[in-house]
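We just call them A, B, C and D in the order they show up, numbering each chain from 1.
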Amino acid sequence: MKATIKENRELVPRYFTMTLSEMGDDFRGEPGQFVMIRGDWGSDPLLARPLSICRFLHEDGQIRIVYRVMGRGTRRLSEMKAGQTVDINGPLGNPFPRPDESRRVLLTAGAIGAPPLIALAGSMAVSPLLIIGGRTRNDVVFISDEIRELDIETIYVTEDGSYGQKGTAVTELARHVGGNDLVYACGPNRMLAEIARLSEEIGFEAHVSFEERMACGIGVCLGCAVRHANGTYVHVCKDGPVFNVTDIDWDRL
Amino acid sequence: MKPDLSVEMFGLTFKNPVMGASGTVGYGIELAPYIDLGRIGAVVTKGISIEPRQGNAPPRLFETASGLLNSIGVQNIGAARFIAEVLPRLEKYDTRIIVNIYGESIQEYRQAAECFCGVEGVDALEVNLSCPNVDKGGLAFGTDPTLVQTVVREVKEASGKPIIAKLTPNVTDISPLARAARDGGADAVSLINTLMGMAVDIRSRGPFFGKVKAGLSGPAIKPVALRLVWEAARELDIPVIGVGGIMTGEDAVEFIMAGAGAVQVGTANFVDPAAMNAVVGGIETFMEENRIERLADIRGVIK
Amino acid sequence: MKPDLSVEMFGLTFKNPVMGASGTVGYGIELAPYIDLGRIGAVVTKGISIEPRQGNAPPRLFETASGLLNSIGVQNIGAARFIAEVLPRLEKYDTRIIVNIYGESIQEYRQAAECFCGVEGVDALEVNLSCPNVDKGGLAFGTDPTLVQTVVREVKEASGKPIIAKLTPNVTDISPLARAARDGGADAVSLINTLMGMAVDIRSRGPFFGKVKAGLSGPAIKPVALRLVWEAARELDIPVIGVGGIMTGEDAVEFIMAGAGAVQVGTANFVDPAAMNAVVGGIETFMEENRIERLADIRGVIK
Amino acid sequence: MKATIKENRELVPRYFTMTLSEMGDDFRGEPGQFVMIRGDWGSDPLLARPLSICRFLHEDGQIRIVYRVMGRGTRRLSEMKAGQTVDINGPLGNPFPRPDESRRVLLTAGAIGAPPLIALAGSMAVSPLLIIGGRTRNDVVFISDEIRELDIETIYVTEDGSYGQKGTAVTELARHVGGNDLVYACGPNRMLAEIARLSEEIGFEAHVSFEERMACGIGVCLGCAVRHANGTYVHVCKDGPVFNVTDIDWDRL
């Protein structure tokens, strides 16, 4: 599917927001789902890149993604201009299970893990508590506009204390979470593994959005394997990217 | 007049020469939401072994310049479950079904082939000859003419199906191997499977893949694939199916001119799940624009 | 502290492990306007034969996805003119000079090597073993262990110089060929030469190159080159010089971790004539950032 | 060398003009020379592309190139925006021999062959006669701005008669040229071969700028070979791109 770039803008150094229009009327999707995205740029890089949907701007038939420049693909994306088109495949993957809003919901983001959680917060009637952690200021404030727009209650945490609390998202989560809470998280796998441990300790239910390199995004290459707690491989693009923390074999990542 | 894209091979008619390459279309049905399976010549399934296989530990993918290294490790649900659970759904589509089989000994190949003996709906078997020969220290079957001939003969006997021998490109000279496949009774050969490559993770100072080596596919390998298809086609009187880096209809036409009877599209399906539609359309357009009525008019024009 | 990039091979010290690959730096001097030749480890000349050679008819180049096909055909001015006209100019630069030699029979290799016997300023010979063996129907010397061993022994004897055997990647198994080179007395092996590929011109419905097949180089082949370097390095106790798709210092580090004693930069010189400077700088930066004092600390860390 | 794109603009469909600044003070060059140019776009396409220098805007330390989108490389170039940088190597190759302005000078361009001839005209004291031919209107008018700015006497020729005379640049040249004239030409090799024949017939001196695929542009790959009349191979990037028509073996192109 072709989509047109409506806006592509640097938020803070390395972090970009891209709004895509003309997604087609049948483009639905739910928080936690992602798209495979690629510009029309020859065969290097070859593969599309998975990026979470951060906002569904349904009224306008648009979506927004927020991304950090990591390597070749995201850099190329960052160079694209409004008016150019990209190839989009999506929405893909399983969304976050709808939160039972009678429980307290805590969202925990590690830096660029925030986008799918923003989508989730945007779909909820009551604002959840979002904890966003990162190394330094830019790794947490890049998403502030969305947070303000959706009026999400947020705790900012940075490792160097340059913004918000000093610490990590997980230490902050540990301070707030209770056994009956519902936790959603996205961030580096290391962080997710800590949340899994915490969840076992404290007993809260946690759903995490997992990252793994992808080639196809649709379950045909079998490349995005991750070991399930039951010993088999599951595939992040098709069986995930959202998993219950109890589904993953965290010791063998 | 619409050009005729149909292809006859081993007594079967294929709507057009475009097939989904093994390992890149799942079991075939996964692409149904993206393309009209009835518009492509055939799907070749992921490699299927007698018993289910888990595949390799991640990471399994590494992107290279215009290419992809994979170390999937033939993860599959095994022949029995494929026949019971997948085939009935796949058969509903109006396309040819080719099952790619995998084994690590002659015995395993034979048994895998036997599973499909008499199974209706399976039009042909493609034998992956890049599998490591565990009896011989892991060198691929496809590197030894005697083994190639034996494996092909055994799977043909055991299955009673048309056999496509999928050759490995990691050899000094493809000719004796292509001849061995034919002599073993192959109805066609397909090539190329992935080139053997490797990636290094300079941060961890280790190999990127647990098994160190991995298979290279994608546009990067197209020139090598074309050369091997050309060499094999000059050698053989049975059809050669060209695979390797095909992204567009023009790429497919190149393989056909180099002598391919049909083509398979692999990595391109990852880049764009509708790639095979585009390849079929592209071949059609090329034929129309150049007033080519049938593929035989351009097949193997490069001597 | 500045990291130490120097390399010892066959009794010579190289300032750093970065060399210009044969056929991609002309005779070396052509790059002088772009890089400080004194900052690279060595230049390897274009393949030189006994007599001058005209090379192949154009077209000679075809760009592929992240790669380049070439069919230059070893155009060169011959050993005598090289020694008389080029070498004196090249010797002025503070870098090692390696002459790549070309032959189509054992006799020709021997004679080409003899031309450099006693020629000061030439630090070593690199024997291109991808040359077609005209006595044996054109298959490359580098595909036959016996021939590899013979050629290496002959050129070593004839020249009295250190010999680098440049192996071809178009083989089933590099190990016996690497061993044959060593057994013939090679002081090092370099690999890979180009992968054999081909291009089709669908407009003219013919091969793009007059000779149909051509050699593939560039980033597209890096994964294959890394794999072969790793395989050869595990097999040998003499240095392996890694070549194939190196564009950056990090690429070079990958080869060194895979076991390369030194590296050559080829096609990258076309993309950016200052590429070798960047590669040397990139290795240095990597070593600094990772507190690696000397290359031996990372060489061959991948077992 | 890095250069900054000052302007990159479509002139008529498929034809673009690009002005490059910050070429460095030591960037000199003469009409007929070219640059190898490449954007920072991964490895596909891999090689830089040779493009003639169309204008030396010495006052501003700038050069201008004019190009037609042919394939991957030129398309990629056409997508670049002002402010982005490109890698430039040049000026390369041998310039046109300085015209003896006591003789009548005729420049013959086949469509996108015009740029180096514009550079030549711009360096002359007296305007030469420029004949520019192409298939249709856009193939000749794309360069009109430069022609007007430099006030070059020009005959436009199109094969379909949609602009200027109907015919080809060579038929038009044949109508105007005399044995004592000096002809400079650039265009498809087929056209150059016709001019070579005409030159032999009529006796005028002709220098042509030749096109061949290039990898390096600096004489190290030996890829851009063309057969010299003396039977050896010469290399377009180093021995050319400008050749006297008598230098080339036109029968064996």
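The definition used in the following text is that contacts are C-beta pairs under 8 Å (C-beta built on N, C-alpha and C of every residue); 3 or more make two chains touch, one makes a residue touch a chain.
Not measured: the values here are computed from a predicted model.
Engineer: What clusters of chains are still held together by touching when chain C is ignored?
Structural biologist: one piece
Engineer: Where are there more C-beta contacts: C-D or A-C?
Structural biologist: C-D
Engineer: Would you kindly say which chain has the C-alpha centre located farthest from the C-alpha centre of chain B?
Structural biologist: D
Engineer: What whole-Å value do you get for the distance between chain B and chain C if each is reduced to the mean of its CA atoms?
Structural biologist: That gives a centre separation of 34 Å.
Engineer: Any idea how many Å lie between the Cα centroids of chain C and chain D?
Structural biologist: Once rounded, the distance between the two centres reads 36 Å.
Engineer: Using mean CA coordinates as chain centres, what's the chain A-chain D distance in Å?
Structural biologist: A distance of 51 Å separates the two centres.
Engineer: Between chain A and chain C, what distance separates the C-alpha centroids? Give it in angstrom.
Structural biologist: 46
Engineer: Could you check chain A for residues that touch two or more other chains and list them?
Structural biologist: As it turns out, chain A has residues touching two or more other chains at 42-45.
Engineer: Would you mind listing the residues of chain B that make contact with two or more other chains?
Structural biologist: 65-67, 218-220
Engineer: Based on which chains touch which, is the overall arrangement a line, ring, star, complete graph, or other?
Structural biologist: complete
Engineer: Touching chain B in the complex: which residues of chain A?
Structural biologist: Residues 38, 42-48, 87, 89, 212-216, 218-227, 232-233, 252 of chain A touch chain B in their complex.
Engineer: Given the complex with chain C, which residues does chain A contribute to the contact?
Structural biologist: For chain A paired with chain C, touching residues are 42-44.
Engineer: Under the touch definition given earlier, write down the residues of chain B that touch chain D in their complex.
Structural biologist: Of all residues in chain B, those touching chain D are 65-66, 219.
Engineer: Could you list, by residue number, the parts of chain D that touch chain A in their complex?
Structural biologist: Chain D reaches chain A through residues 41-45, 72, 76, 79, 81, 84.
Engineer: Would you mind writing out the residues of chain B in touch with chain C in their complex?
Structural biologist: Chain B reaches chain C through residues 64-67, 69, 139, 143, 170-173, 195-200, 202, 205-207, 212-214, 216, 218-224, 226-227, 230, 245, 250, 253-255, 257-258, 286, 298, 301-302.
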